[in-house]
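Chain IDs A, B and C follow the sequence of writing; residue 1 opens each chain.
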């Protein structure tokens, strides 16, 4: 009896449901939506997914503790313009790329660090702390460039976003590496166990010797760093530093994480689930767009999906009690 | 376990209670030095007009926050209500109908939020984050992605009428809203029960308070106020673009927190509290205007203000690390 | 009016097969009478009160309120029936005034939901004066000292027109004056016809205040006798007068060096000036009644709560800033008394829970978890402790039985190879069979050279298993008994010695 109940639960568990839904929807789109199965379109989807997957992986970490990081879009914008500026200042192309990328990653980590300290030391709720940092740093990005973009980036830089490695687009290579690495960290390492424990029950984790504040702090570092990485790819692909880069992506990121099966209250989640969720979101965006659905209706639908999946989570938790 | 947050330091209390007034007074003095007209009646009326919409929405938000919840969908509610009202009034509906429609729009959103949070028990942040997109999406779908003009009889009436030739109607609506909101919060059983729920939800349930029903109502009120705010600010702006009120919720939340409404629940008032917060935020913005600040600095300053406001809140009240 | 005000007739209640209340009959006889209810922890007092209060449902028996059947299904029912409870943890809202706290569900003078502060404040002032306090009803509850808050709670009970008030350990956080005030009010209430049940460990108070005293032991009412005819010694005898015929697996040991030493430890209000040592190879019991401060002491030692003053020594070396992380590294384990909220990650699997405290050791290159070792370690512990789970990698801790849950917690700590074990109520909520297994395991650990601090409210098991027993009473160490001098009455006397 218990065994039976468990297997039904696993079927309904976040990732599996998402995977099933994704496959079904993908099939539907391939067959019924006009230009969807066009190879150019499919490549587009893959590349766009790359950005979203990396961003969502970062966000997954923060969600594991029941928090959220609203500043990811600000990180994208700020590092894009500051990195671009650095690259235009340094002469030697290769050095320029390295220093630019290094600086961009640094910014992501720095903002992640600020977020982490704010939550663990100042004890501010993550949603409002990151809301504040989002305003500050996105404002900074816009102010710095006065809404202008920064072009003239060194040629080698575009390799990251547009180049290919053994025929596979670089963004996809990087994304694969990120997914494998983060999945490994979250699901196979001691730190990952710490994260799951802290997200489940602070008190138990603490008494069992797990460093709570340090672990939570690292969650925001992951989010900041991965956002920065995604920003590097996005900036490279666009060829210019843009202060408002990724501004509208927040909903997609949250959608990918929630629909991918990560609990909004913390304690459970899956990188692979998030990755599938991200691709699903892109496929949704793409196919509905091709069908002529307005962008705001697509957003509303995604919002509804988030609520539905969150509801499933609530039901699952209640059933468990 | 009594989850009360026991403050051992009443000095902080006193400081904070008067700190608000002190801050506002300091800002007032500062601005009067920079601009001789500051203390004039005309300027005061002007200030109130500017803060009307935010003040109305903030008054509504207090209900939700006091009960321990949060609502980040208000910008979309404001937008939704303003486009509906604009469309209706352009079609001939009068001012009474406009007010009614604005309230109804807001209440509808509030019911949705309340239902998802109180009945289905989904985390308020996620719920209102989702409704932020859902509501704007519905609004845009209903009226099309275009700028709507609210320069009609009703719009002009709301924006320009002055009662007795002196008091703009929006200020009247603001004052009425603040009074009613504060009255309900402090002098009704419902209001007091919200404070109890915010302080100790479990204890409230044991005492027999209908927690779910009360929190649902709190969201309905918050939504309704946001709807009203939508009509007011829509009339004042005149042209409603598709991104109207985008991000407005940040300002409203900042105002509330600055005004002493705690994120953790159980504390805060609509008046003077949240309204004072609105005034402070408006003063800061006006200060930026007068200083001729770069328009991009506004967001940065807003972010800093939220940061400081929440930091103060967290020093006085405790929550879990999330 | 010859019926008792309140009568419990043959009430029985079991939890998961364990009988917690066995056929108890007790009566509150006349109006205005005060019945004292005494018993050790675990005797069944809380369960009895919860049944009376509608929080739990009885399995058998009936309750008569003034002769009529009384079947509360919820706290509201009890409230409406005129029974009020003054619990140890008060249910007041700190952000509101006295008047507001008193009248949250319905207020005097309110029309259509609008409050009349004038009527409310006036009624609140009257209610407070009734309990002998003259204070402004607009005072924030937040600013009141404990004793005063209790008075507010009592006033709340009265304003709900309670005819029966149950006091649960009311004097634990009160100072002498506040206590005197409380007694004055209780006597006053009695004169006014309000009947009361007074639960307390302060036997002197109980005998002084109450008309009759009922003694509860291991789920049965041993007796209900008039207070004037009872002495403290009689009551203590009745509280502990059980036959110690159960065999406990005791093994004589030879204690070695001092592993952990605590010197004049003081915590915030919870405990003062505690000093003791734990030697290798011994099981030291720590007995005390609820509120004695034992768990607070253990929490403070382990670094979860703050220590005000005093020192801790591990193997002779002074410990600065103790923290769980650090203790685990040094081989000191802590089984808390609340396994659901502090010992286990309920939704996680048995395996994940078992390795939780030992994760650092499982990390290899890049911090990767050594899965085969995790499997081996957890399987070994499950085997060693006979934990019943159908699949350690799939079954959540939530779905285990209480005994198995406790074993998982113990198993988790065993994996860290501790030399010192702080165990707070390690057999709580565990069935008899599992209990004995746990005792055997503790013995084995001691024989191996570990030092164990066995915190428990169950005298029997402490007497059965420990080498010596420390007794805490109301925050301080009241005494210590060696095995040869183990005596139930003596232990209880020590435990109530500082309760005033």
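Note that contacts are C-beta pairs under 8 Å (C-beta built on N, C-alpha and C of every residue); 3 or more make two chains touch, one makes a residue touch a chain.
This one's a predicted model, so the numbers in the text were calculated from it and none came from an experiment.
A.B. asks: Centre to centre, using CA atoms, which chain is the farthest one from chain A?
C.D. replies: Farthest chain from chain A, going by C-alpha centroids: C.
A.B. asks: Tell me the chain pair with the top count of C-beta pairs in contact.
C.D. replies: A-B
A.B. asks: Could you state the distance in Å from the CA-based centre of chain B to that of chain C?
C.D. replies: 45
A.B. asks: Report, in whole Å, the distance between the mean C-alpha point of chain A and the mean C-alpha point of chain C.
C.D. replies: Chain centres of chain A and chain C, defined by C-alpha means, are spaced 46 Å apart.
A.B. asks: Could you give the separation in Å between the centres of chain A and chain B, each centre being the mean of its C-alpha atoms?
C.D. replies: Roughly 31 Å, centre to centre.
A.B. asks: Which stretch or stretches of chain A touch chain C in the complex?
C.D. replies: Against chain C, the touching part of chain A is residues 2-3, 6, 184-185, 188-194, 196-197, 200-201, 203-211, 267-268, 320-321.
A.B. asks: State the interface residues of chain B toward chain A in the complex, per the touch definition above.
C.D. replies: Per the touch definition, chain B meets chain A at residues 70, 116, 120-123, 125-127, 129-138, 140-141, 145, 242, 250, 253, 257, 263, 294, 296-304, 306-307, 310-311, 314, 318-322.
A.B. asks: Okay, in this complex, where on chain B does chain C touch?
C.D. replies: Against chain C, the touching part of chain B is residues 1-2, 4-7, 10, 187-190, 192-193, 195-196, 198-200, 203-204, 206-209, 266-267.
A.B. asks: For chain A, which residues count as touching chain B in their complex?
C.D. replies: Of all residues in chain A, those touching chain B are 65-68, 118-120, 122-129, 131-140, 142-143, 146-147, 202, 212-213, 216, 251, 254, 258, 264-266, 294, 296-304, 306-307, 310-311, 314, 318.
A.B. asks: Taking the complex as given, what residues does chain C use to touch chain B?
C.D. replies: 75-76, 79, 89-96, 100, 104-107, 110, 113-115, 117, 142-143
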